[in-house]
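Across the two complexes that follow, chain A remains constant while its partner is chain B and subsequently chain C.
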Partner chain A sequence: MLNGGSTSHGDTMTAPGTKPAPLAGSASTAPALRRRLPLVEWAVFGAFAVLPFLLADFLTVFASRLMILALLAISFDLVYGFAGIMSFGQALFFGAAGYSVALLARDLGVSSVLVVLPAALGVGLVLSWLVSSFLLLGRHPPSVTFVALGTLTAAFAAEELARSWYYLGGQNGIPGVPQLTLGHFEFSDLAFYYLVFALFAAVYLLCRALVRSQFGLALAGIRDQEQRLGFFGYRIDTFKTIIFTIAGAIAGLAGGLYAYHEGFVWPSMMGVVLSTQIVLYCLFGGVGTLIGAVLGVIAIESATYALSEQLPTIWPVVLGIILLVVILFRPTGLIGLVVSERERTGDFGRPGPGAPRGTSSDAA
Partner chain B sequence: MATAFNALFEILSFTSIMVLVVLGLGIIASMMGIFNFAHGEFVLLGAYFTWLGHAYGLPVWLAMAFAPVAVGVIGLALERLVIRRFYDRPVMAMLGTYALAVVIRETVRGLIGGLYLNVPAPLVGSVTVDGMEFAQWRLAIIAITLLVIFGSWALLAMTSFGLRVRASLENPALARASGISTKAIYAITFTFGAALAGLAGALVVPIFSLFADLGLRFLIQGFLGVMLGGAGSFVGPILGAGVVGSASAALPWVISPVVADVAVFVAAIGLMKLLPNGMLAGRRV
Partner chain C sequence: MLLEASAIGKSFGQLRALDGVDLAVSAGEIHGLIGPNGSGKSTLLKCIAGAERPSHGRVLFAERDITALPPSERARAGMSIKFQITSVMPALLVYDNVLLALQAHDRLRDLIASRTRRGLDAQITETLAAFRLERRAAALAGELSHGEQQWLEIAMALATGPRLLLLDEPTAGMSLEERRVTGTLLRPIKTRCAIVIVEHDLDFIRDICDVLTVLDQGRVIASGSVADIQANASVQEVYLTRV
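Moving on, here comes the complex of A and B:
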């Protein structure tokens, strides 16, 4: 019934001329609007595709960590950048899925990629569906603060639980997660890297298609003008729940991969600190573009990698100051340096009949 | 019987601390409509300044009196520099104050290292009533909290300054039109809220000792208290803090502490779902 509601709304929105059909129209206006976003995307993915041949082995390992965290950042960007839901607990789904696959490996000895990845995805999906249907659905539309606080509290509580639950290894977490396998094949460094790369690319493409679909446009509408979309008859809560659940599944997938990347899981994987770290990635890179979140992960993690050893005590302070400065003075983030405001918030190269879009300053 | 009274006393003293924390948070949330994620770090700063004063040889009670002033000054500076840009942008305010919180927490962590530092209580020993022992310092905390609540209430309800504060809260545009500088009122209120957090930090440091993550759990419990009681009134957040504080102090006597924490969080979020405007919805006090 929920899906029925959303598709019918999606259909009613397909006003004549809004369909992707007038590609010819967009081609005629194209010279005026050179799109840079795809260039950035190609650059990032091209770089990740060839990196293992250029870098030392340990940096390849680091690069696969970047891609996993980028998946996590994308999941936050989906909920915040595209639907305006402030989730301060995205790490909850990440960590819970990580713990699940670690338990699978420890107690059942299962490390097959065919089981592990669907399990991680499923845990993220179910958990985020539970959280979002509790926080977002209901008689009273939830306030922004309530959702932020609810997700924050959930992550905090989960971390506390994991910290003191003997079965989950308490403070130390669960060590000794083996390597992913497929039959007798083990995903060691390079194979694991390309597995992560393939998943990263696939998820990115799916998300890219999703946010450019009618569903994504409705989400952007909700982000910018929630009340108006409500008056149009969109079921805002349902839309938000769907995107939150999808994002949770992606976060879960990332968490499963991360457990196998690190070889162990520990309580802070689902805690508040990581959750807010994700927010930092996205804001720094630029919200609402997907690739911005990826750039944020690359920039911040690389800087942390390079600097945190020289400046172990100062670096977290510097990160906080960066976050503050970005919020105050550069709300569009890194991506705003290369991509115009119109393209960043805009119609993704599909200029519709109602040419200029409204501002989205508050959500961005 | 004696243990029951002692338990009750423990619960009461912890609830007083929560109320002190939430009072500042609630005042800021009600006035400016922003949830100050740096509030827990103001508590931490209060504890830190108390420790610092003590380490430099001040008597503890003097260090405790100095801490809220110092935190208030920092709060004022932050309000002027940063916070005022976030009024009526609640999401940005959350992120911005969170960033502030990171800066403050990590700075304190850098200053004290990963240590747990102890500060002695200014009042040591206990009062014995009818064979039951009550720690003097906890008694003092309860007394100070009651004084602060009464003082803030009197300030808001009985002075002309309080009238202007309430006017700016009810209807900022009309308040400005009547010649009230809402900007100044906001700055003063934020300073006051920060100073209250600093006081709370100063008072709890003998009990909890000083460590960098002191603020976080106060922050979450404080938020739950404010949301539960309902921002926008004076009594609401206090009531919410009373409920959250006493529940999270009472439950560990029955079930294991961690489960108790989680249970309180879940129950508070659940209650909020049922009462989105707070427990005092519609009855503005």
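Moving on, here comes the complex of A and C:
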């Protein structure tokens, strides 16, 4: 492994001998880790910010769908990519929140953004808290398989329930979800797009801050060495419950927006197929970076959009093969093509900017 | 007494790994646990740390009954363990590994707001320097040599300022030179906390321990000062016939 010596550059700057701090503020030391993730993040959010001016209207609608699904993918990345909890239940929180806001509109005539969004968040939050206290808080740390099967079963059961319950519209779901409102203002296509964009950006920034905080460091520890962390004194269950519940709330928010985006809700919105799809978005884009999940959604959904008409019958097979190839040969996903392994797995903020990195071992 | 484990029994199915073991450790003492393979040393350590729940007996730590407490609460009471198998976080920086250990008892809202990180920086540097790792702060823990990983583990186990440190074979897999260094690194710690060490290397343990307890087939066969143990006939028999 390369150590400080190989950077040969300014012995005072790169000698990690004294404190990790000397690198603070020395962004000009060339061999220091060049961060590529922020560039990707700027590119993605910059593109979404201006897309409506570049694209035809129907593509703008498609782009808002991408952002909503990206929120959903981020919620999965939070639990799996950062805390190692394999959840197949994200669609459950998504769909349940979607149904809830659809019922609010149908039965109570409420479509105000001030009610709908908190309701969607709340449904996701409460439901995921219930699921987590059931699945994650046993006497012994639950296995990945246990949590995966547990969440999968919950999603499956919810989908079947929605399918057979007359009140929820059965097989057909609930149609006729109106447009979101704020007073007399209606969020039509463009306004809805920017509402979604604002929420997407806000949620992304909050999650980004969270996973790079000391709390995020603890989550990374739990992901890598769950039992060891307990012996340091971490109350693992609390950490898992918090991140699972935050992710559930985000999935709920996405579900509420999706109901208004599509104009109706239907049973498979909370089912196993969508849950699996979310996992694939994240694995394809790369887990554990947040932006990787977003890239996964953009890549898979755009390709599906563009190619499913030309290759209607064969496309699902092609998609399946592409996903398989990526997961087998590029386990770090698309984002792994852009950023170094070092930046992908071990990037937490420092007390001083940039410290204590500076050895060039990311080149190793 | 800082630690009092009394009449500890542990069975795995038919196997009786521990059978009525007593162990008392006072503050500031380095207490060695020795015995042939399978004598129950590691199991005893795990019962003390909470990795295993004893089938019988109870564990008192600082006058408090901790027999039923989960590991995290034992850690918060001032107990720390370094396992035999290295369990550093390989994908995280050496620096972050130590931070992870140091912040373990901080309040959740401080962790979410990253409020304690700046204040811990000096302590992290100090901890790394004490274990000759200061030059490796920016390396990934997985890139360290085996010996360095063991030191990092001991550094992390000590980081939270425990009153009792449990070490399971701290020199396993180390070179002679690394063992010697480990000995010099451990000795000054004695002023800060009591240590219980499980070791195979008798030369190593003779040099640094105040008290030795010898286990054989899940029972204590002798306990006392290093000189007493060396003179003890039954200990010699166990070691001559079985090792």
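One rule holds for everything that comes next: the second predicted complex is superposed on the first by the 317 of 364 C-alpha atoms of A that agree within 3 Å, B and C clash if a C-alpha of one lies under 4 Å from a C-alpha of the other, contacts with A are read in each partner's own complex, and residues count from 1 in each chain.
Keep this in mind: a contact is a pair of C-beta atoms (placed from the backbone, for glycine too) under 8 Å apart; a residue touches a chain by one contact, two chains touch by 3 or more.
This is a predicted model, so every value here is computed, not measured.
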| item | value |
| --- | --- |
| First, second, both or neither for A:Thr238, with chain B first and chain C second | second |
| First, second, both or neither for A:Thr145, with chain B first and chain C second | first |
| Contacts of A:Gln310 with chain B and chain C, given as first, second, both or neither | neither |
| Chain B versus chain C as contact partner of A:Gly221, first or second or both or neither | second |
| Common interface residues of chain A - those touching chain B in one complex and chain C in the other | none |
| Contacting residues of chain B [partner chain A, same complex] | 35, 82, 85, 89-92, 94-96, 98-103, 106-107, 109-110, 216, 220, 223-224, 227, 256, 258, 261-262, 265-266, 268-269, 272-273, 276 |
| Chain A residues within the chain B interface of the complex | 84, 86, 134-135, 138, 140, 142-146, 148-150, 152-154, 156-157, 160-161, 163-164, 272, 276, 279, 283, 313-314, 316-317, 319-321, 323-324, 327-328, 331, 362-363 |
| Chain C partner contacts - residues on chain A that touch it in the complex | 1, 3-4, 15-21, 210, 213-215, 217-218, 220-221, 224-225, 227-236, 238, 242, 342, 345-346, 348-352, 356-359, 361, 364 |
| Of all residues in chain C, those that touch chain A in their complex | 49-51, 70-73, 75-76, 80-81, 83, 87-93, 95-96, 99-101, 103-106, 108, 110-118, 121, 124-125, 134-140, 143, 156, 160 |
